[in-house]
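Each of the two complexes below includes chain A, the first together with chain B, the second together with chain C.
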Partner chain A sequence: MRNAAPSRAPKVSLRGGTPPARSPWRGGGWLAAGIGLLLLFPLSSPDAFFLDVFTTGFLLAAFAASWDVVGGVSGQITLGHALPFGTAAYACALLTSFAGWPLPLAVAAAVLLAAAVGAGIGALSARLVGPFVALLTLALGEIAHEAAVGHTFFSGPGGYAWGGEGGIPVALPWRDAPPFWSYYAALAFLCLASFGMLRFSRSGAGLILRAVAGSPITAQASGVPIARFRRLAFTVGSAFAGAAGAGFVLHVGRATANDLSLELSFQAATFAAVGGRGTIVGPVVAALVLHVLFQGLSLPPSARVLLYALTLLVTLRFFPGGVVGTARDLASRLGGKEGARPPRRRGRNRPGEGTP
Partner chain B sequence: MKTLLSAEGITKSFGATQVLSGITLSVAPGEPVGLFGPNGSGKTTLVNLLSGLLLPDAGTVRFDGKEITRLPLDARYRLGIARTFQIPHPYPALSVREAVRVALAVNAGKRKEGGGTREDEEGPTEDLLARTGLFNQRFVPCAQLSQGCLRRLEFARALACRPKLLILDEIFSALSAADEGDLMALLRAANRDEGTAFLLVSHNPPLLKALCRRILVLEEGRIVRERTV
Partner chain C sequence: MLLDGLFAGGTYALMAAGMALILGVVKVINLSHGAFFTLGAYVAYALAERGVETPIAAAPLAAVIAFAFGVFLGKSFVNPARTHPFALPVGTLACALLFEQVAQMAWGPHPLSIGADAPWIAPGGLVIRRWGVIAFLSSAALLGGLRWVLSARPGLSLRLIAEDEEIAGSLGMDVEAIRYLTFGGACAMAAAAGALLSPSGAVTPTMGRAPLLLSLVVVIVAGMDSVAAIFLLSIGLGIFGNACAWFLSPQWSYVALLAAVCLLLSARPAGIVALAGRRD
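And then the complex of A and B:
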């Protein structure tokens, strides 16, 4: 009979559970070189327009990575990710301009509000899968967008109004700051946010989320409360999206209904698909490259949307794993099976291995 | 005799089709029980109901003295009821080691809050991998595993919570003789060394006789016979 009561299972950490081929530090040289080039770029006295394009690109890249936490790592495809982004942007503008809050406090409150919105979306969509998550988040995002377009917060004499199409200004203490200030602040934010999201995706919770994304039924049969983990993904992803939204409104100086638009959500999903879903780094690189390329060419907005759609179609047809996924496939084909590689730091051999 | 799992009056219909009618069964702690029946007799539905994947229309399920009729699959796993699937659903993006780690970590619940080394933490995973013969495949993506290795992984996942009861749905089907022998040895070891009870669903009477002390025969949604081996 039973030797001992089956009390607790052995304690185990999930950290470091991936083989070194997927280490977050892999490719660190390329990353450092890229960041170095971006740090040096303002020193070449570029046009203020290009500084603005890059600054916006950094914020969009962080936003795309936050989409990847939800849609890539946890597999809940959201088409309403602009909702936490825009919520934070509006909260930041309203709290500084209307309520007169100090900026740091307003930003912190905006990020918390975005996380709460994410938790709410996560709770609503936790039991849904596939297209139903996309439809629900699309509907929620569009409701918020239409509300923002139609709602006027303040009407003054002479037709002056806050809200509606014109949006809401944010009270900035640095109106006359030089443009490279925003550039470096946004780059620092992108580095910190990407690192945080990468750590999350490589953590124990991230591994469980990847399990839930891959096979919810097996995850549940392994004791994973999948609804709770899906809520967690939405909460974390939305907090980072909110931080990007707050950064964006501080850069452009005004929250508008565009910050809640479907186009913005679609852009984030496109960046993630092109870069490689679930990789965090891929969407960041894709967002930077595509945004700088399309925006830098000064194309009209309708042409940019068309180009994003075409890029997405080409990626889904020819490189379904995105840039990073395709590169990994190529690397594993050229260098043998990735799974056969031994770990760099661990992996002691055990006597009798391979026999039950 | 003490009862580990008991089901009383379990009834389940899908639309107008009644699949199970008034099933009553019990499993004692450490008892190896077999469940035999023809295709369409309701074996998998019964397994799904006992493991929490489905909810019954009527009847109650009790485990270790607690009523668990409405408890979902994941909560039952954490209580000590682990199940395997007739058709495994592996995690496509995870390696074998990661798949085992998911089950171990979730079950550990409140994971260690400081203290302990990484080597200490890896012990249970590697022990389980070695025990189920998957140590050499630990970095292989689950999607690339053979049928035999997938069954072993199912077994490793199920054993990760140190279950009091294993529910095994056709785990020996479509296996090579060597894999079947290995899994039988594993199952016997879990039953003998850790006192794990199991409910083994199979089409194979000799295999059930070799492993089980009691065999229940299910036909048209009812338990029609019970044989002690």
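And then the complex of A and C:
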């Protein structure tokens, strides 16, 4: 643990992150209840459609949380987070069906590749300020999307062309897995991944990243190599995004250009903004609720993107802290007299970010 | 092909100038600028469907509609969220996607085309398209007008706000109002460009993305000070983009623009001077 040493120093809460020394499992009861409900859900023999919606929702929630590692904790607003997601999806599909790798090996390689892509994006964007990070990541993601749409890979066995709009199928070792298996697998993945990201965001490195996001100059003056830490955030976030992408492609069975689209990156940013940036749990919950709500209504895709955009605009305009930030604000306003949690009050007052 | 690039580039300059205006006065990057371009093109298409086939009529109408939307967006979203480093890029992108989806629901995802008139064949086999001449001349005229306005008395307040908003405020100018009016005006310029260029190609919901990137490249390279530099650079990029589309395929010009944005941002990490120097 190279980064463990600085974590002891900042005992005062940096930018409102929950201080790790105090109850890290506050609200654990609610969490357990939620997981219990989700575990019970398939046993109530629901429609296969809803099982599928939830399974996709779990993977998207992990993806949203991985956005939050980059965009929330480290404050580098990325609008190209679909790039590691789609890279892993495509790598998984190509390695299994084209190169004939065994599935576990291909998944591991895909996650590593996504992490490498993230390190690259992080290195490119580390020196940029403000909205230019968003611009650069957006451009990189769109390049990858155009390449995926335009490039046709040749297939081995069938002789027909893969790639382009149709995407690339994955060679899965199983056939027709029962839907509740993928449901439970995705739920387990979501729990593990969110736990890992939560630990990361509350570790020494996470605290330093929050400090960098709060004020890069102050962090630099305190001797933090900000470029390296931003790269680290991108690498970790992209690795988790890649894992989610690999899981997604295993569930769907096909990597398509949609996995690299601007809309997907935008969705992750929406979930994070609605849930509350920098909290990891907030984006996960927001992703689950919004995805299940919008997908469960079986709206056409364009109406869904429309609703996401509207939700985001309303959130940004009226609840800049997201659900978690607003809830904290309300809690501190209601229970403000007792003064029980004075440090947490600072949750929304990030520099340059409060209600203007 | 060269001439088409010239005409298109000259019209893109109108849009890029709007982008520069927003950057200078409102000091934000407007990712929904391309959506207003698309809006203009759809207005022209809707008019052409009803028998009004000239972009001369479509451009002012599109500009008025875009001005209304732009003022609304500027007043209700951009101004309050102006200093928020997260809300602005993501929010304007949300507006762009919102409009793309609305256009897709209203007109469908398929490319639509506006019947262009038969081109003139000049002596020597040169093909001159009528829409191109109209678009080029009207955008050149509009840009000239913009340059004159900026240098004359009414443009003084814009330049002062770009220079130092506190002084402008203390002189009794309504900085907020001027900001959202400028935002609306710049959006109107993008929509006019879209309407003027609509006969040049297919009208699709996502057609605004490439011009958005083009104007970003122009603004990053040419800066915001000189209208003439923006004009010349846009023409250059327009010709370049057309050459890419001609020799390779249309989507290559989009990729080339994206790559240009990446390269420029890596080469000039501070981005545009005006944004780098602002107080957070």
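Heads up, the rule we're going with is that the second predicted complex is superposed on the first by the 307 of 356 C-alpha atoms of A that agree within 3 Å, B and C clash if a C-alpha of one lies under 4 Å from a C-alpha of the other, contacts with A are read in each partner's own complex, and residues count from 1 in each chain.
Just so it is clear, a contact is a pair of C-beta atoms (placed from the backbone, for glycine too) under 8 Å apart; a residue touches a chain by one contact, two chains touch by 3 or more.
What you see is a predicted model; the values in this text were computed from it and never measured.
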{"item": "First (chain B), second (chain C), both or neither touched by A:P225", "value": "first"}
{"item": "Contacts of A:L136 with chain B and chain C, given as first, second, both or neither", "value": "second"}
{"item": "Touching partner for A:G100 - first (chain B), second (chain C), both, neither", "value": "neither"}
{"item": "Which superposed partner A:P173 touches (first chain B, second chain C, both, neither)", "value": "neither"}
{"item": "Touched partner set for A:E146, first chain B, second chain C, both or neither", "value": "second"}
{"item": "Chain B versus chain C as contact partner of A:L128, first or second or both or neither", "value": "second"}
{"item": "Touched partner set for A:L312, first chain B, second chain C, both or neither", "value": "second"}
{"item": "Doubly contacted chain A residues - partners chain C and chain B", "value": "352-353, 356"}
{"item": "Of all residues in chain A, those that touch chain C in their complex", "value": "71, 75, 77, 79, 124, 127-132, 134-136, 138-140, 142-143, 146-147, 149-150, 262-263, 266, 269-270, 273, 277, 302-303, 305-306, 308-310, 312-313, 316-317, 320, 351-353, 356"}
{"item": "In the complex, chain B residues that touch chain A", "value": "29-30, 51, 53, 72-75, 77-78, 80, 82-83, 85, 88-95, 97-99, 101-109, 111-112, 116, 118-119, 121-126, 130-133, 135-141, 144, 152, 157, 160-164, 182-183, 185-186, 189, 193-196"}
{"item": "Interface residues, chain A side, partner chain B - complex", "value": "1-3, 6-19, 204, 207-208, 210-211, 213-215, 217-226, 278, 337-343, 346-348, 350, 352-356"}
{"item": "Sites on chain C touched by chain A in the complex", "value": "28-29, 31, 76-77, 80-91, 93-95, 97-98, 100-102, 104-105, 109, 209, 213, 216, 249, 251, 254-255, 258-259, 261-262, 265-266, 269-271, 275-276, 280"}
